[in-house]
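Order of writing sets the labels: A, B and C. Residues in every chain begin at 1.
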Amino acid sequence: MVGRFPPSALVLGGLALALILVFMLLPLGVVVAASLTAGQFLTFPPQGLSFRWYGDVLASEAYLSSAWTSLKVATLVTIAATVIGTAAAIGLSRRRLPGRALLAGVFLSPLVLPSIIFGIGLLIVFSIWGNGPSLLALALGHTVLTMPYVVRTVAAVLADADPAIEEAARTMGAGPVDRLRFVVLPQAKGGILAGAFFAFNVSFDEAVIALFLRTPGVETLPMRIYGQLEFSPTPAVAAVSTLMILMTILVVVAIERSLGLRKVAT
Amino acid sequence: MPGAKGGQGLVEPIVLVTPGIALLFGAFLFPVGQILVLSVVPSGEELGAWSNFARFFADDYYLRVAWRTFRLSLLITAATALIGFPLAYAMARAPRWLAFLLLLLTVLPLMTSVVVRTFGWMMVLGRGGPVTDLLMLFGLSARSAVLLQTETGIVVAMVQVLLPFMVLTTLGVIAGIHPHLEEAARTMGAGFYRTLRHVVLPLSLPGLVSGSLLVFAISMSSFITPNLIGGVRLPVMASAIYQQAIHTLDWGFAAAQSTLLLIAVLGLLVPYLALMRRARV
Amino acid sequence: MTFLAIENVGKRFGHTTALDGVSLGIERGSFVALLGPSGCGKSTLLRIIAGLETPTFGRITVDGEDITRLPPERRRLAMMFQSYALLPHMTALENVRFPLRMQGREGAAEQRRRAMETLALVGLDHLAERLPREMSGGQQQRVALARAIIAEPRVLLLDEPLSNLDARLREDMQIELQALHRRLGLTTLFVTHDQEEALSLADRVVLLNQGRIDRDATADALYDDPGTAFAADFLGAANLVPVTVEATEDGHTAILEDGQRLQLASAPGPGPRQLVLRQEDITLADPSEPGLEATIEARIFLGTRVRYLVRLGDLRLRVLAPRHLQYPPGTPVRLQIDPANCRWSREGP
């Protein structure tokens, strides 16, 4: 493989790749480093090494309640988006469904519509017709936002599945429910898992809709960080951010295990 | 007999997609449609139906905000395309371990909360950050120079935030180019760079174009990063909308600006979706 | 007594016609091949019988019961798929048990016992706990076969049953399929594009062409006497020679297009005809011998024998000869044909 590339391309390319990687990882690395400071202020490079700010975060009522809010929302969202999205992806994978190309486009549209517009729309709707923003309102918004990820990963897996297997199950006497249970859901398993991890991650990290639907009672972790950043961030913010980066790494590993990053990414 | 495959025909798929469609209509299309309604309906008794739009186009401030948003988005898109193409090509053609590493290092930042990434850039670009140190080292900048609250700072941070979208969209297309095409070009006397220029680049164009449309659309409507990096001195359209909706509570005007933004973004996303469909299905 | 009856079945996909009114009666316990080139409609017919496609018109009955509108899961037929279609997350045993589980007539233990028994029948009881991906292609196919026969289907449908196997496994599987058929007496219908497979396995071959039945005969009869130009060409065993038959004082003579004459033993009467000559019924001889004048075009070594492509006027004939014959391309030869081996196409010229 490598023999196909001239030395100049390998050197230039290697250099460029290294620079790009530094560029991509720089902001994350700076956050992690700053969180380990022993000093009072947010600096880079950190002054001394300690985990004291992590202790601060874990003892902080405000951070813990935000984390709990984020976790509640993300869990609700993951369940709803995975169930609804999986069903939709299976339905969309059926050739006999009329207008499925158009429907698939509709199902993926929340991925590309600016969330600022969606966020203000939700705020207006819940203020006019409901009692204003709430945890459930935020969960509803996030479900819309994350469902397309589930639809996409499940549909990708089903597109690769051998349709003869379901036909074979039919000839062996399996009705619609048995086929879903014994053929389609096992076939879709990897996609369902990857989609669920995606949904959890997106909901846990999401900031724009959460910002619009923020009320004193419903402040997610990204919202609390955002609030701190508007004023004067302390190393504690870096510590929380590092914990969020760690969680993202876990999710990425889980997605790689369940379906493979390459498949999900492209 | 309905349905090509006999048996339960249409019932099953329709039952399966119904909850999703209900969710999309109730919680997505309805709120977005609400914005369109609110943008036209007059906010005060004495004002006409299109007064919110008239106000936008009459006010120099908002036009400047829109122009800044457009200009920065263009710069961000060009930069991501320039960096994204070689990265995507390397991902498609590198040995497995390297390709995976590159993919990992693209996906990991993508999946990290935008708030966290922006926080990182605030430290990098801010006073005492490594970029300022570097600029000083080369004598390019005086002590006080920080990129925080500059347009350059917004562009730098946004390129990092949006590069994964460009790379992954382009990778999808490049991965579909059979390596034999490049090998054939090489046997016909084209060098590596000429092969890139005459074979790979033209074939990757649909990916680059759809990636650019996507990146442009997202950066036009981005809020968190430009707002935190640019601050109040350099508002973009999204921050203006946020101001109207949350602080001024002028929903009609916020809705009108959202509608304009929506029209601009949809104008980009429709060709994007068409391109993606042709490239993949 | 017809067991499986296909009555004037047709299928159109949009503007293309896959099946154009096919009627076929199949006796209980017979082993029938649906043979034809790709796109001839044979797979569509098999899928219609299985219930996986709905016919545009026509009727299908099994044992007198009209099953045309019955969904596949209620037809009590079995189909073995070309890709085997094993459930990838289930062991061999669970795959074989699946049809019984869907029927739900026996308890789980009894279902497992029967599945094990059926696996033993195809010689795979020792691999019962393996997942499909842990088995070779041949083993997977045996699992698929066991799964197809376990529920005592009224008809066994096989879609290209040997196409995914290499040459040696293919022979094993042929023997196995025939033995199984003798033992269980299942009415079996299989689809193939390989004439050798059809002729060697089935006791009846239905040749399909462009959505219609071209020939329907026993394997022997079809080989000896293709009967139609398409059959002769598709089976590859025979040459078609357009001739004009003339009555003479000592019987009939065929006049070839280039004017050469061939004495006949019998003929269907004077006029233009299609003469069918099997490739092993033509003997090559030196130019000094009597026979039709021809030229060697190519010599293809086949192992035990040699195939010659021979130019006769504007025609190219295929001739199977013993391998010791050595005529290089370009050599003039004589073609000797025993009048007793001349057959006639049923169609016009």
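Note that contacts are C-beta pairs under 8 Å (C-beta built on N, C-alpha and C of every residue); 3 or more make two chains touch, one makes a residue touch a chain.
Here the structure is a predicted model, which is why all the values come from computation and not from measurement.
K.L.:
Mean of the CA atoms for each chain, then the mean for all of them together: which chain is nearest?
P.N.:
If one averages C-alpha positions chain by chain, the most central is A.
K.L.:
Could you tell me which chain lies farthest from chain B when each chain's centre is the average position of its Cα atoms?
P.N.:
Of all the other chains, the one whose centre lies farthest from chain B is C.
K.L.:
Could you state the distance in Å from the CA-based centre of chain B to that of chain C?
P.N.:
Centre-to-centre distance between chain B and chain C: 58 Å.
K.L.:
Distance-wise, how many Å sit between the C-alpha centres of chain A and chain B, to the nearest whole number?
P.N.:
16
K.L.:
Going by the contact rule already set, what residues in chain A reach two or more other chains?
P.N.:
Answer for chain A, listing residues that touch two or more other chains: 170.
K.L.:
Listing for chain B: what residues touch at least two other chains?
P.N.:
3-5, 7-8
K.L.:
Indicate the residues of chain C shared as contacts by at least two other chains.
P.N.:
Chain C, residues with two or more chain partners: 51-52, 71-73.
K.L.:
In the complex formed with chain A, which residues of chain C make contact?
P.N.:
Touch list, chain C to chain A: 50-52, 71-79, 81-83, 85-89, 98-99, 102-103, 147, 151, 157.
K.L.:
Where on chain A is chain B touching in the complex?
P.N.:
Residues 1-2, 4-6, 9, 13, 16-17, 20-21, 23-31, 34, 42-44, 83-85, 87-88, 90-92, 94-98, 101, 103, 105-107, 109-110, 112-118, 120-125, 128, 140-141, 143-144, 147, 151, 170, 176, 201, 204-208, 211-212, 222, 225-226, 229-230, 233, 237-238, 241, 244-245, 248-249, 251-252, 261-262, 265-266.
K.L.:
In the complex, go through chain B and note every residue touching chain A.
P.N.:
3-5, 7-10, 12-17, 19-21, 23-24, 27-28, 30-35, 38, 83, 86-87, 90, 93, 95, 100, 102-109, 111-124, 128-130, 157, 160, 163, 168, 171-172, 175, 182-183, 186, 191-193, 214, 217-218, 220-221, 223-224, 228, 238, 241-242, 245-246, 251, 254-255, 258, 261-262, 265, 269, 272-273, 277, 281
K.L.:
Residues of chain A touching chain C in their complex?
P.N.:
162, 164-165, 167-175, 178, 182-183, 186-187, 189
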